[in-house]
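The data blocks that follow each hold one structure.
In the two complexes below, subunit A is the common chain; its partner is subunit B in one and subunit C in the other.
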Partner chain A sequence: MKKSILDLYPTTKLLGVLFVFISILIVPGYAYQYAILPICMVIALLAGVLQSFCSLFFKGVTLIVLFIFIIQGFFYPGETVLWSGWIFSLKLEGLNYSLLLTSKIVAITASIILFFQITKTKDLIIALEKMGTPKKVTYVIMSTLQIIPQMRKQLNVIMDAQRSRGVETEGSLMIRAKAIVPVLGTLIISSFENTQERVITLESRAFTTQRKKTNVTVLPKGPLDTIVRIVLLLLLVLIIWKGVIG
Partner chain B sequence: MSLLSMKNVSYRYPINNWKSLKQVTLNIEAGVFYAVIGAGGAGKTTLCSVFRGFIPHFYHGELEGEVQLFGKNLLQYELADIAARIGYLFQNPFTQISGAKETVFEEIAYGLENLGVEPAEIRKKVEDVIALLKLEKIAESNPTELSGGQKQRVAFASVIVMDPEVIIIDEPTSQLDPQGTEEIFRIIDLMKQRGKTIILVEHKMEWIAEFADRIIVMEDGQVVMQGDTQSILSNPKVMEHGGTLPQYAEVGLKLLGEEGIHQVPITRKQGELVFSKLQKGGAE
Partner chain C sequence: MKRGLKKDFTLLAITMIPIGVAINVVAYQLMTILKMPIYLDVIGTCIVAMVAGPWVGLVTGGLGNVVNGMLNPVSIPFAITSMAIGLTAGYLSKYRMLVKPWRIIVSGLLIAVVSSATSSPIQVILFGGVTGQSGDIVMATLLATGKQIWTAVFSQTLLLGVVDKVLAILASSLIVYKMTPQFLSKMHYGDIYMRSKKMNRKGDQVK
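Let's look at the complex of A and B:
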């Protein structure tokens, strides 16, 4: 099962995300939208990525959801007061609106995080190129993702150099901010310097040639892709039909 | 007929008000290994950039004179079209990884992908190069996570796999340890044996003496000396032009004429012969 999920063609998985996006806007209420999260967790479990999925999801979304609940619950206009204290009052209308809003955020982020957990970036890039996305665009996506850990490494090297010169880099927020601000300048300038050489590297690999490019990695579409796509389409038709009728 | 040539070529970078190349006339013959030496700022990298077409296609500036690549004027080429015929490597191993690929195998394949080679053929060529350069152990590693020496070898492989006729290498070992340097020269020697034309900018004279066929000495944007390796590296004038000589040659120059030493040794092997002669002479 794990292999079947991971081996799905990237655009099939992307269609799954798109299905979530469309369906949560059509289906009323918030129960269906919230149900997307456990569904994603089950898929993550089957794909063997539950731990990283949960870690990313809860770290990234909990604060946002909590913030929306507080803001909307207390400040959304309404008359049904559930609780009040000092100048604040929690209203039912605000709570309902928070549930509607956060359910969509939960569904969208859960589906996106799951997508990136079960899709290799390089597979996505190949699929995008096959769809006709220019190599220049896919290069920007790929190199940006690759450059982040490299810049982090570079930052650590610069911070180590600062530390060895006696600059305080640890302690309170203010101390850390003071240490990191001047380092950022060096980091950005060195990145600019590297860009010129990187361009030469790309030119040495015939990056700007007008010939039709190929890809050494072949990504096959399996029968499961067709099944998943048909099921997604049928579900979408059903949801739209129910939305129109009911 | 020359493979690459320059006739009265002068060049000024856009931000400079001096010329980095001055009236350079040079012919590069097929299958010959050229080493370009000289002090920093002599114009060695600029010379390489002109032959690779980065000047004037990428750096712009003012280029005078005539540059011919494979019998055709440099200006008639698109920069990307030169990639298949002239490979280019430079000193910084960390920026020679494209950033577009997640494994060494894919990184090496990248140039061929851009040239539109069929996947099956790419796989075959990449596997061959990996075996040739002994990169099997790191073939599935992320190229951004390799050491400097490994990155440089991957960069080499990425160029070699495109099977260019000429390989221009600008100070490939300046950031490498002795082991990394040896690995790089092993690869350069392999390319020489395969009949590639090589233009190498390098300061490690012992290695140049060992492998290069001809030496080009540059100073202040000009080619001040050129000739076969033995005659140039045994000539003390090289030092007057800001270059250095191999240690064996420096010692050999002082011993010239003594105990039947008539030729300045430039390589380790020649040096050992001279010293054994001296030892024998001393013993007698």
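Let's look at the complex of A and C:
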């Protein structure tokens, strides 16, 4: 089960995310939208990524959802007062509005996080290339994902180097502010000027050639992909049908 | 040198985009390590926009939010804000608004306004005016004093953004001025920041 979820073709999973996007806009209310979260959790459990999914999801969303309830609950214009104290009053309309708003945020966030947890970015890039995305675009995305961790490491190296020269990174605001220039300036200028070497490397590997290139990694499309796609399509048609009738 | 939407994306400009995004991330990380009250997380976008042009800046800003969104999807809609910042910084640089200190400060203010004007609609419509960060307290205070949610969100983002954006654009222009002429000459929009350095006979720089 775990393997079959992880081995789904990237665009099939992407269609799943798209399905969530469209369906939550069509279906009224908030029950269906909130139901997306447990569904995503079950898929994450089956794929063996439940822990990282939950930690990312709750880290990203909890505060926002909480603040939406507080701010909209108290400040949304409405008549039905549920509770009041001092100058604040909690209103039913505000709570309803918060439920509608947060249900959509929860559904979309959950589906996107799940997508990136069960899809390798490399596979996604290859699938995009097969769909005809220009090589320049996929290179930029892939290279960004690789460079960020490298730069983080380099930041720590430069900070240690500057500390050993006597640049202080702790103390009052002014002292800490003075550390910004020697650390960030060095990092930025060196990495920008390195791009020239990168360009030479790319050119020497025929990056700009117009010919079609081959790929080492092969991404097979299985029968499960077709099944999932058909099921998603049927569900979408059903939801639109219900939306039109009701 | 020919400029324009299609011509700006040279190979050198393209390789700068990932670096710009990474600098945004790293600058933010450094500010957290140093416990500074500012973010400076547009610094990479601004530098790329200044030397590689507005459209490359736009792509850098947008890509940064999308990459962030892989771990925290809340940042994806704010890609529009980052794209607007990149575009504005690029055009300001093109029209020589980032060459003198007072012009840089005016540009910083302008970028802060653009950033608030693009981020507040997203914040109000999609997230009910909330960001999940410390700024929400400011906004709640403004709301409690009887302000409309639009005014509250706009003033809150502007209030917190102004210092951050001015310092970020100041820092990025300082850094661009430190780049070597040899590198700047290869960029489509770098010529404004090239200085003819006075040399003595030995080839050392004269102050």
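In this section, the second predicted complex is superposed on the first by the 230 of 246 C-alpha atoms of A that agree within 3 Å, B and C clash if a C-alpha of one lies under 4 Å from a C-alpha of the other, contacts with A are read in each partner's own complex, and residues count from 1 in each chain.
Everything below uses one rule, namely that a residue touches a chain if its C-beta (ideal position, glycine included) is under 8 Å from a C-beta of that chain, and two chains touch if they have at least 3 such contacts.
Just so it is clear, the structure is predicted and the values come from calculations on it, not from any experiment.
Asks: After lining up the shared chain so the two structures overlap, which partner does A:Leu155 touch, if you call subunit B first and subunit C second: first, second, both or neither?
Replies: second
Asks: Would you sort A:Val61 into first (subunit B), second (subunit C), both or neither based on which partner it touches?
Replies: second
Asks: Answer with first, second, both or neither: which of subunit B and subunit C does A:Leu101 touch in the superposed model?
Replies: Once the two structures are laid over each other on A, A:Leu101 reaches subunit C alone.
Asks: A:Ser143 contacts which: subunit B (first), subunit C (second), both, neither?
Replies: both
Asks: Of the two partner chains, subunit B (first) and subunit C (second), which one does A:Leu202 touch, if any: first, second, both, or neither?
Replies: A:Leu202 sits against subunit B and subunit C alike.
Asks: Taking the superposition as given, does A:Ile230 touch the first partner, subunit B, the second, subunit C, both, or neither?
Replies: Touch partners of A:Ile230: none, neither subunit B nor subunit C.
Asks: Could you tell me if A:Gly185 is touching subunit B, subunit C, both of them or neither one (first, second, both, neither)?
Replies: Only subunit C is touched by A:Gly185; subunit B is not.
Asks: Who does A:Thr214 touch here: subunit B (first), subunit C (second), both, or neither?
Replies: first
Asks: Once the structures are superposed on A, label A:Val42 by its partner contacts, choosing first (subunit B), second (subunit C), both or neither.
Replies: The answer is neither, since A:Val42 touches no partner chain.
Asks: Tell me which touches more residues of subunit A here: subunit C or subunit B.
Replies: C
Asks: Identify the residues of subunit A that lie in both the subunit B contact region and the subunit C contact region.
Replies: On subunit A, the overlap between the subunit B and subunit C contacts is residues 121, 139, 143, 146-147, 150, 198-199, 202-203, 207-208.
Asks: For the complex, give me every residue of subunit A touching subunit C.
Replies: 56, 59-61, 63-64, 67-68, 70-72, 75, 87-88, 97-98, 101, 105, 108-109, 112-113, 116, 121, 136, 139-141, 143-148, 150-152, 155, 159, 169, 173, 176-177, 179-180, 183-185, 187-189, 191-193, 195-196, 198-199, 202-203, 207-208
Asks: Would you pull the subunit C residues touching subunit A in the complex into a rising list?
Replies: 9, 11-12, 14-19, 21-23, 25-27, 29-30, 33-37, 40, 43-44, 47, 59, 63, 67, 69-74, 76, 126-133, 136, 139-140, 143-144, 149, 171, 174-175, 178-180, 183, 186
Asks: Quick check on the complex: what are the subunit B residues that touch subunit A?
Replies: That would be residues 52, 54, 58, 78-81, 83-84, 87-90, 92, 94-102, 105-106, 109-119, 122-123, 126, 144, 155, 158-159, 162 of subunit B.
Asks: Taking the touch rule as given, give the residues of subunit A at its contact with subunit B in the complex, in rising order.
Replies: Residues in contact with subunit B: 120-122, 135, 138-139, 142-143, 146-147, 149-150, 194, 197-218.
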